[in-house]
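Next, two complexes with chain A in common: one pairs it with chain B, the other with chain C.
Then we have the complex of A and B:
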């Protein structure tokens, strides 16, 4: 059955992309951490009065330091955005796969009986379940990507508290439950995926 | 088909727009996996995609509310059963264009997010969602600042109201609103009505709307619109409700300041919160009209005292914030209080709280309006007359009336449960409710008395006095139109004087029973206090309360001891003389305090518009009976101050004479009504032989005779014989003397 085949292919892809997604996120975490550090430095710089320290002999030190920090932050943001485009490609490949499978189902829907679709066995879940899980996974990645994108795009370097709190907010976006649910789904499907 | 039970949505389905059904039902409806489905629910409908339940059970339905009509914004009711006919498949095509309004959480997000970015986000969020025209898409599952998207228009096919958004759909964002503003717009459609406050509502509405509708006119006139309103009124008249109502009507957003939220423990924290509140209001005002509502103003910003307490700083902060409002800040500050005198005076000048709106206890017509509104949604029996109900609820404020209606409904419900099968709320239920709910104007008042009802018939004789009392108390209530026609005013006060024991107090009781006034009675124990000035204040407050629930009878028994006279050589500065001056002032003073205003001044005039007869009558009554009537009783009229007895104060001075022959006979008849009197008793004879007996003496006589009968015939006495009466008369002597009576006849004034 071609639907079965398409589903199998989709889940194999999902399995592969899940690993990719995780590794990209790990890179992002360290970048977010550095950005938070820079934010703290900027905050410190804004609070200190250089004219009261021995460093007052250097002209324009505050502006220079600030410029340097902002430049650094910009660089970090650029790298983060680069990672975001990697994440986007992961999301896109999953989305495309999911919509292709759904399209396939729509085309064949007239010939398929709902009872047949919802019939499951001990090793193979029903097609309805699998379609649903695929949609769930697609929605999860889409949501994750969007949340991270909004966080990154609405970040303003002028707002120091925002920059300082960036790593925490980045971290709170993680949703281990949903991640676990996808892993569970893939485990449940392992027999199905192996039975070529 | 069996009905479907609505269960709450599975957490893993949240945001998926799925509607979980049994596969059997799906086949019957001809649904495929993921086909769009319109579910109509009480309050609105919801667009979902159909999926079989994981356990394939029939008879249940679970819905993720993703796209729904605005009526469902507050969520689904629990315990709902749906009929399968409420589900209908809806063919959806791919949309080419869609116009939306985006609703975001905070002003900050709205301000700092570029429109192209927002467009990108919203488009990403809406991809794959089935939408319907005029519906709202919930975006809360994304956990971002973008909360809802309202679909305004879908294209290209004008006939199709619904469709699915794909990556190729062109999206147009018409407007960005905040959640607060959106919710206030939603509420506007379901505003509950408010009775009897039309004038105040209109003036508040004008203040909110003028600067919005005619901004250029106002600038060309060079004036700024008032920006602060102080609502003053006793508790329960509906100040808070009024503000909420007006805000809803105008469609303004409301920022409420609650006392405990503002006050913080750290020094400077309260001021900081207050500043944040103003900032909040300012940003809300950018979207449309906005009202900053400070409830219970007196507790937050009391009069500043000498010491440097935390309240002083808070008041100062409010003053600076109110002064710092620039003309471009288009929000209105409304403060509400029931104790305007304890506010800081600096708050009450133009430029801060420009206007003061006084909402008094509702008048008769206002009460009728309130009752009509309250009873609109109750199954009230058509025989219940709102005007009559309004008449007997003197002194009730809006909160009391609503409590009364609730009580009445509860009584009706209880009766219904008992099985009489009546669904309607009748007048008797309201009367039961009246026993439980008292007027809050009089709560905690000094002279609140529970009097046992006395009928005119229970007082023997004294026909002339009764008529006079009826004239001054009952007539203005019963026939106000006649009084108005002849230009009569109801008397301010009545003085009853006469020898002791001649039923003065009982007469007043009967008068209070027959008129539906509020009745206050005060004695020396209530008024006198060891603190200087306390008694005067108590008396003034008593009058204030009595006026708040006018028409009202205020009874001062033994007025000669209560209120002194200035002429009898007593100490010129004694408490009695001070009380006298208070009483004189209150009865015929220069006017009322402004805070005591009730309703609007009504002037009766011949208008061209034909009014219904009952309305006219009510209006007459309202105009006629807005004062407090003082009824005083004394047996030493000579020791009263002459200023008290002039017309305009105690206008009617009525002498209650000792009973004459006829009266004594009547009294004896009344007294022996409940006694088994033997047939040989000749009351006429008894009446003739009891010259100089007062009413109290005669009552005592009957009692004595009955006791005598018991004494003589052991406890088995079945009737009282004439001899018993005669024996008692021989033992008793009258309490009045001819001298006394002649003294009364000489000294009316």
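Then we have the complex of A and C:
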């Protein structure tokens, strides 16, 4: 049954892309951390009145340091955006695969026997279940990507509290439960994926 | 056309001197960056020590019987921490001393460059030589870029010296952060300085055109 073959390929792809997603996200986490760090430095600079400190002998210091910090932050943002497009390609490949499988199912839906679709064995879950899990995974990556993209797009470097709080807000988007559910699904399917 | 390397190994006189100077600028700036990295590590240590000292300080207004017993170890602890702090400060002082040496060498390079220009005026008159020393720059432009770089590093050195003096004496977390930030991001050495160096290296053939 070709639907089964397509499902197998989809989960193999999902497994691979899950790893890619994770490693990109790790990079993003450290970039977000650095960005927050720069935000703290900008905040410190904004709160200190340099004219009241020994640094008063450098009248243009505030402006120069701010410039350097903003430039660094800009660079980090650029790198984060670059990683976002990598995340987008992961999401796209999962979405494309999931919709291709769904299309295949819909085309064959009339001829498929409902009993066959929901039949499961100890090593092979039912096609209906697998379709559902694939849709769940696809939705997870789609939402994750959107939430992170929106957070990044609404970030303004002028808004210091936003920059300082960025790593925390980035972290709150983590969804270990959903991530774990995908890992569990892949574990449950390991026999199925290995069988040919 | 031979490669730029062989081309410049054959040149002598002012052209050779200019090319050597450019290489020295590059090496001094690399040296500065290394010192800056090491200095930043030390500065961070100093700030962390200061913070943990402040955290550890016992409340002064708690009179209790145990104070007299615990007083001695607390004092010892403080002296030990102060000694550690002093040591890190001395290391940072050593780094800044080495930075002073770097800037002195930069001053000498700039003086040599100016000397080359004076020599040229002496040889060829106020108009200078007819054909450029390297690719296209007039001798004046080498002096200009040397002066731009020297001004940047001298000013940055002054900033480092202030940071060195004040870092261990400030209790304000924000100000500590500003000092560290200054040290790391080097506001007086903007990206343009790196471009100036690259232009110098391109002109003298150290970087392929």
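Note that in this section the second predicted complex is superposed on the first by the 196 of 196 C-alpha atoms of A that agree within 3 Å, B and C clash if a C-alpha of one lies under 4 Å from a C-alpha of the other, contacts with A are read in each partner's own complex, and residues count from 1 in each chain.
Operating definition for what follows: contacts are C-beta pairs under 8 Å (C-beta built on N, C-alpha and C of every residue); 3 or more make two chains touch, one makes a residue touch a chain.
Keep in mind that what you see is a predicted model, and the values were worked out from it rather than measured.
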So, after the overlay on chain A, do chain B and chain C clash or fit? They fit
Problem - Contacts of A:124 with chain B and chain C, given as first, second, both or neither - result: neither
Practice prompt. Would you sort A:136 into first (chain B), second (chain C), both or neither based on which partner it touches?
Written response: first
Mind working out whether A:45 is in touch with chain B, chain C, both or neither, as first, second, both or neither? second
Legend entry - Touched partner set for A:65, first chain B, second chain C, both or neither: second
Would you sort A:193 into first (chain B), second (chain C), both or neither based on which partner it touches?
neither
Query raised in the report: A:3 contacts which: chain B (first), chain C (second), both, neither?
Result: neither
**Asked** Touch check for A:57: first (chain B), second (chain C), both, or neither?
**Response** second
Geometry row: CA centre of chain A as apex, chain B and chain C as ends, angle in degrees (steps of 10) is 110
Determine, under the contact definition given at the top, whether A:147 touches first (chain B), second (chain C), both, or neither. first
Pick one for A:24: touches chain B only (first), chain C only (second), both, or neither.
neither
Between chain B and chain C, the one with more contact residues on chain A is chain B
Overlaying both structures gives a minimum C-alpha distance between chain B and chain C, in Å, of 25
Seen from chain A, its contact residues with chain B in the complex are 99, 102, 105-106, 109, 114-115, 117-118, 128-129, 131-132, 135-136, 139, 142-143, 146-147, 149-150, 153-154, 156, 173, 181
Per the touch rule above, chain A residues touching chain C in the complex are 40-41, 43-45, 47-48, 50, 53-55, 57-58, 61, 64-65, 67-69, 71-72
Within their complex, chain B touches chain A through residues 12, 15-16, 23, 26-27, 32-34, 51-52, 54, 56, 109, 112-113, 117, 121, 124-125, 127-128, 141-146
As the complex stands, chain C meets chain A at residues 155, 158-159, 162, 165-166, 172-175, 177-178, 180-182, 185-188, 190-191
